[in-house]
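Data block below; observations after.
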């Protein structure tokens, strides 16, 4: 039985050091929804996203996925999320293709070389697939990192500044990808300092202050 | 009559409690030190073999015992803090570490000063002295790890894990050093227990109790400072009379 | 037993008093350290409080 | 849910990945090995070339040098993955972190411990060791160096991303490795003294099993603490 995925944040509070970043935070995100986390620097946008992933232990409150606390979900929850942080999580020594294949392997996704190449080409990395990532530009590296979204079948995308270093074409591509993801019943929560609009989707906004 | 222990595990309550308790440990410690050393120096007779030099054991043995036990207690507190997320236990662990390290240092120093007249060498690779040295290293590692992590919560957890790994290792280290020692037929400090004069035992025991009380008193007052440092942003700290003045 | 005999320790004065002297020194230093830490913590807190009231 | 990789599949994947990365950056592996050879070669220069004395020291010297060179490579075990964000992704992977950590430990040992085992006979000859002693030395190193990588992994995970982490990790790990040093060097010494090394070697084997059971889990917990 396929349950429609749902992310619930209940009365969440997080601290950095002794400093309370936010408290009493609550929202629900269902399939097909897009949420942008807003707030000035240092208000805890990244911390919130990391708390959703389970990197940061919240001081109070809980995160529920499909009605169950994510602490109980453990690895099954991770199989349904894809997190992209400030860091690209790619290896300079390896080629774009090798990086993507390894990423997929660790994420437990059966990925053939053909599919991996397709994903990279879709991200605009044609003819760059076999180059060591070392020689690619910042924007191209970001594209390699983003190609993970295409191969990992995750319902929840958690994207921290996904548009960093991307050019206009790539931003359009990202908007398109997110649109497809949402129309397939997925959901996305992200932060950005650049405008990101997905055609036909009302972006929900969450203000941290 | 049920005492609510959890009430006392809140740093705000414990701060006051520790302040009240400290003198109750500190003064008896001072008195017992005086009594123990009086017995040790004036009542206990001169040893036939070691002459007066044996009187070093009245401080050496209690310091060694304390350094070992404090490590285990520290690891226990750290583990409690890690498992039950009680901040106070983690604070207790970090409050005990310097005291334990200093006892290990005293034990090494007095061991050396005892070894010189007995075996003619400042340092013998005796099993107990070697273990004590390794114990000091373990303490230093714990303190260094805690000092180099800025976020106190990560520092607590990381050092707790280290202390647990360390305390699992302590018996292994102890027995391997002992095995190594017998293999190399090194000299071993032996105090023929049964022939010890009653006054010697009394003195050593009294100093041991004094050391315990001292360690508790110092630990309690250090944990008070740690509470103040960690809870600096809370209202109850700001309202303390000693802060307000 | 005279005082000088007691301090002479039958020739082991250096070892015996060296041990107890150091132990005493360590205890005193540690007590001083603990007191100093408390003083520092309180000073820090008062400074923070002053800031808070000024702001 | 998804089709899970088997434990061994995952283990193999992580090991293959780390070895592949190391092959692209061969210098790192070589520096550890060269360091080991250098430290061992310094001892005769320091204490004199009398074969009798060297033979007696050989086991201890080689073991201390192995300990130091494995400390040298420890900080690298997780730091590269930490800096580029791969570690975050590993922790988010729908697979057991403990198994992944075990994979990294095995890879670390293959790159830093195994080369030492293989070069040890050459160094043993420098110290005029008997053939039998060299065999026992290799066997002891084969059993003991994985333990160093395992204990080291806990230290490396605890000091992840800290200032001065490199020195700190040695400070934390070295005292814990003393039993390995004692029994490792003891095995060589026993054989040189005409005794049986079996008890030493079986104790080393016991340490290996003990560390194998606990250290990957403890190291993965340490990583979680450090990543928060």
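For reference, chains read A, B, C and D in written order, and residue numbers begin at 1 within each chain.
Note that in this section a contact is a pair of C-beta atoms (placed from the backbone, for glycine too) under 8 Å apart; a residue touches a chain by one contact, two chains touch by 3 or more.
Here the structure is a predicted model, which is why all the values come from computation and not from measurement.
Novice: Enter the minimum step count from chain C to chain D; a value of 1 means the two chains touch.
Specialist: The fewest steps needed to get from chain C to chain D is 2.
Novice: Of the chains shown, whose Cα mean is nearest the mean of all protein Cα atoms?
Specialist: D
Novice: Rounded to a whole Å, what is the gap between the Cα centroids of chain A and chain D?
Specialist: 36
Novice: Could you please state the distance in Å, as a whole number, between where the Cα atoms of chain A are centred and where those of chain C are centred?
Specialist: That gives a centre separation of 55 Å.
Novice: Averaging over Cα atoms per chain, report the distance between chain B and chain C in Å.
Specialist: Comparing mean C-alpha positions, chain C is 16 Å from chain B.
Novice: I'd like the Å distance between the centres of chain B and chain D, where a centre is the mean of that chain's Cα atoms.
Specialist: Each chain reduced to its C-alpha mean, chain B and chain D end up 32 Å apart.
Novice: Would you give the residues of chain C that are in contact with at least 2 other chains, written as numbers and ranges?
Specialist: none
Novice: If you look at chain B, which of its residues touch at least two other chains?
Specialist: Within chain B, the residues that touch at least two other chains are 151, 232.
Novice: In chain A, which residues are in touch with two or more of the other chains?
Specialist: Residues: none.
Novice: Can you name every chain pair that touches?
Specialist: Once each pair is checked, the touching ones are A-B, A-D, B-C, B-D.
Novice: What residues on chain B touch chain D, complex-wise?
Specialist: So the residues of chain B in touch with chain D come to 134, 137-138, 140-141, 144-145, 148-149, 151, 153-154, 157-158, 161-162, 165-166, 169, 172-173, 176-177, 179-180, 183.
Novice: Report the residues of chain C in contact with chain B in the complex, numbered from low to high.
Specialist: 6, 9-12, 14-16, 18-20, 22-23, 26-27, 30-31, 33-34, 37-38, 40-42, 44-46, 48-49, 52
Novice: If you look only at chain D, which of its residues touch chain B in the complex?
Specialist: 151, 154, 158-159, 162-165, 168, 171-172, 174-176, 178-179, 182-183, 186, 207, 218, 221-222, 225-226, 228
Novice: Would you pull the chain A residues touching chain B in the complex into a rising list?
Specialist: Listed in rising order, the residues of chain A that touch chain B are 17-19.
Novice: Using the touch definition from the top, list the residues of chain B that touch chain A in their complex.
Specialist: Checking each residue of chain B against chain A gives 150-152, 230, 232-233.
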